[in-house]
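To start, the structure under review is shown below, and the notes come after it.
Chain lettering (A, B and C) follows the sequence in which the chains are written, and residue indices restart at 1 in each chain.
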Amino acid sequence: MSHHIIEFKEVFFRYPDGTAALRGVSFRIVHGESVGVVGANGAGKSTLLQHLNGCLLPTSGQVTIGDLNLTAATRGEIRRKVGSVFQNPDDQLFMPTVFDDVAFGPLNLGLDKAHVRERVESALSRVNGLALKNKPPHHLSAGEKSAVAIAAVMAMEPDILAMDEPAANLDPRSRRSLIGLLKTFQHSKLVASHDLDLILDVCERCIVIGEGRVVADGPSEDILSNRTLLEANNLELPLSLQRR
Amino acid sequence: MNFHTQYFDLGRLDRLSYRRTAVHSLDPRAKVIATGLFLVTVVSFPKYDVAGLVPFLLFPVLAATLGEIPIGFILRKVLIVSPFAVFVGIFSPFLDTRTVAVIAGLPVSAGWLSFASILLKFALTVSAALLLVATTSFPGVCHALRRLGCPPIFVSQLLFLYRYLFVLAEEAMRIVRAWDMRAFAGRGRGATVFARLVGVLLIRTLDRAERIYQAMLCRGFAGDIPRLGTLRLRSVDLVFVAITAVFLGACRFFPVTEGIGLLAQGIWR
Amino acid sequence: MHMADALLSPAVGATLWAGTAAVGGYASKKLKVQINDRTIPLMGVLGAFIFAAQMINFTIPGTGSSGHLGGGMILAILLGPHAAFLTMASVLTVQALFFADGGLLALGCNIWNLGVYPCCLVYPLLYRPLAGEGRSPGRILIASVLSVVIALQLGAFSVVLETLLSGRSELPFGAFVLLMQPIHLAIGIVEGFVTAGIIGYVAAARPEILESVAAARPVGAGVPLAKALTVFALLAVLTGGAFSWFASTQPDGLEWAIERVTGRGELSEAERGVAAVLRGLQEKTAFLPDYGFKAAAAEPAPAAPAAAWPGIEAGTSAAGVTGAAIVLVLVGLIGLGIRSAGRRPGSTP
């Protein structure tokens, strides 16, 4: 199924202030693959993920999502396929109540009201957030905000999921249910995180980014057990592997 | 008022508005209209009228009690903003000294009457506004405004303002805390440092606005903000507005206070 | 300085509301055609920013007292007049609701005093020509200080006028003006420097950000603004005049109704004593509306000398008409100002 393919070819990206955040990133993700993106702070993970939905356009190189090359003209269509969870949920939850926020995407997809309601409720219950429905986002805890941000994306039923630090503020139990949720998502997904155990659990493949380049790319078990590689990138062995 | 008090008061008032009581569950439009009627009626009382205003206290008291809003909290907020009205009113007793009544042997000047009237109106109008937000979630007020004919652009950005008010206030609070920790004995508290701090806050805000816009685009935003219409006027709401209107009309057009006074005198005799 | 409900008469409140609503309707109509997708979230978030920044106090040099940011001018610099006006209006709305600053009826006055002057009048007329397109810190400083000072002076003077026209306070005009204007001069100078400091800081630290904001900012479409404003001004004056006329005639009619409903007989005993004294007083001081004393006198006095009524009516509508005239003049000035700013190349609002 070509429409769930993600391909980066020699992607360079430079911020307006001159910071070169990506310096030639190439990889290809096929349908149904679940890929972790790890690396030190400032390595370029968030920058890379923002290319998936066209929030950023490559300075040079090419990003292909499904059958479409990412350009200013195609990014509207690409955004319908790719659901993105941002690093900071406050930026993502912009509507005045949780319900309105989760409904924002489905309404923009042009669904009818009954359908929208249904989607909102099912997305919220998948993240255990149904009780938060009528609250304003600013009254939620950090973890609840993350959960709602995920629900807001899930409610759009995207073909591809891109998540930046989805578990950053979650308590262990919510983190566990997020892992369960991610495992049920059948399509391609890209998860950037410093939580290497989560990556190990959810992703069969792992890409290490360092200074805007792909430093390593392979099965998670191999990469996340390579102590020298990890330590060179400010990372540590996942806890579950340290015990062995 | 220091930053923390303001910040926590803001949060407290906002939280009150998400309670569930009979008052909270009234349609926001009904409450906005009733509050508007109330304000116009109160303000329309002439300068020297004090007695006629008194029955109107019923309205805030009912709203606060039925809505389970702590009255002390509302009163404190009323006091905090009172200085300007007090300042403007306090001159009346000295400038308008004609005696208009003798109460318990003391001559009362017209100025005192008008001062009392200003204070009473102030307490009534300010508490009515506070009680409106305390019993109606702000998004509710906004949707009411939208349905009552406010321009959609204004309402949309009002909702954004509300959403990010708390986020930015929190950010400002972090900045203020960091500032307090490093500004000692009044040094470093001046306008120059303030301008720099607010400049930092502004840069962060503008960056945030861009990220929010990107997040909106990612969820299919194409220029207007869709919403599921969830407001529905019930008969309770209509009854509420009708009762309010009758009450206000009665108190405005009939000397209720005096009537009650006369009645009491009659009974006492 | 926020105007308060308690100091307002319905006529003045309604006139200013009409003026504000007219400008607001006009601004949102303009925005709808000029708007770009980014503008609404940008406006909302900047409104929240102004709100948050206003919660921070700083020490005013040499006085030890504390000041805070007004915000109208910063918004106008960042967003342009129309969007800035609407944003300022919503900041004041939230303030009226959450902090009870002013009140909901006085909100019309407050939006007028703190929104229309800086955003729609001073910014296009004064700030733009002075600051120009360049980002020279010196020009930004001079333009900000002058603009903020003038906007605040206009605002403070309007508070005085609104209070006096409402006739709820005894404060003599001269004293009130002498009190308000110097205070606001001091506040304005400090605020002007702070505004320049903030804009200067952002321009130095992140010059590209001001440019991207300028790109997101709605562009003027060159519609004959002055013409539209004139229509709105007329509308405002008519509404204001009609309302104050209504307000002035209504109490009489009501009084008559009250007398009929309550009946004279039972009440007549109250006419002895205080009420009689009052009526005597009232006849001596003819300028006092007789209904003003009714409550104090405990009962509606028998119909006051008929000659008193037209006087009252004239008094109330005089306030409405004066208020409306002021709105007309100000809106006219805005129209003229924006048009003349619009003629200058490169400074289309």
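Keep this in mind: contacts are C-beta pairs under 8 Å (C-beta built on N, C-alpha and C of every residue); 3 or more make two chains touch, one makes a residue touch a chain.
Only a predicted model underlies this, so the values are computations on that prediction, with no experimental measurement involved.
Visitor: With centres defined by CA atoms only, which chain is the most remote from chain B?
Guide: For chain B, the chain whose C-alpha mean is farthest off is A.
Visitor: Using only alpha carbons, which chain's centroid is the nearest to the whole structure's centroid?
Guide: B
Visitor: Applying the contact rule given earlier, which two chains have the most C-beta pairs between them?
Guide: Maximum number of inter-chain contact pairs occurs for B-C.
Visitor: How many angstrom lie between the centres of chain A and chain C, each centre taken as the mean Cα position?
Guide: 48
Visitor: Counting only Cα atoms for the centres, state how far chain A is from chain B in Å.
Guide: 42
Visitor: Report the inter-centroid distance (CA atoms only) between chain B and chain C in whole Å.
Guide: Spacing between the chain centres: roughly 18 Å.
Visitor: Which chain C residues reach two or more other chains?
Guide: 41
Visitor: Which chain A residues touch at least two other chains?
Guide: Residues 94.
Visitor: Name the residues of chain B that each touch 2 or more other chains.
Guide: 14, 138, 159-160, 162-165, 167, 208, 212, 216-217, 221-222, 225 - these are the residues of chain B that touch more than one other chain.
Visitor: Could you please specify the touching residues of chain C with respect to chain B in the complex?
Guide: 1-2, 4-10, 13, 24-25, 28-29, 31-32, 35, 37-38, 40-49, 51-53, 55-61, 67, 69, 74, 86-87, 89-91, 93-94, 96-101, 103-105, 163, 167-172, 190, 193-194, 196-198, 200-202, 205-206, 209, 212-213, 247, 251, 254, 257-258, 261-262, 266-267, 270, 274, 277-278, 281, 285, 288-289, 291-300
Visitor: Help me check something: in the complex, which residues belonging to chain C touch chain A?
Guide: Touching chain A from chain C are residues 41, 208.
Visitor: Give every residue of chain B touching chain A within the complex, in rising order.
Guide: So the residues of chain B in touch with chain A come to 14-15, 18, 137-139, 142, 159-160, 162-167, 208, 211-212, 214-222, 225-228.
Visitor: Where on chain A is chain C touching in the complex?
Guide: 16-17, 94
Visitor: In the complex, go through chain B and note every residue touching chain C.
Guide: 2-3, 6-7, 9-10, 13-14, 35-36, 39-40, 42-52, 77-78, 80-81, 84-85, 88-89, 91-92, 95-96, 98-102, 108, 110-111, 113-114, 117-122, 125-130, 132-133, 138, 141, 151-154, 156-165, 167-169, 171-172, 175-176, 186, 189-203, 205-210, 212-213, 216-217, 221-223, 225, 252-255, 257-259, 261-262
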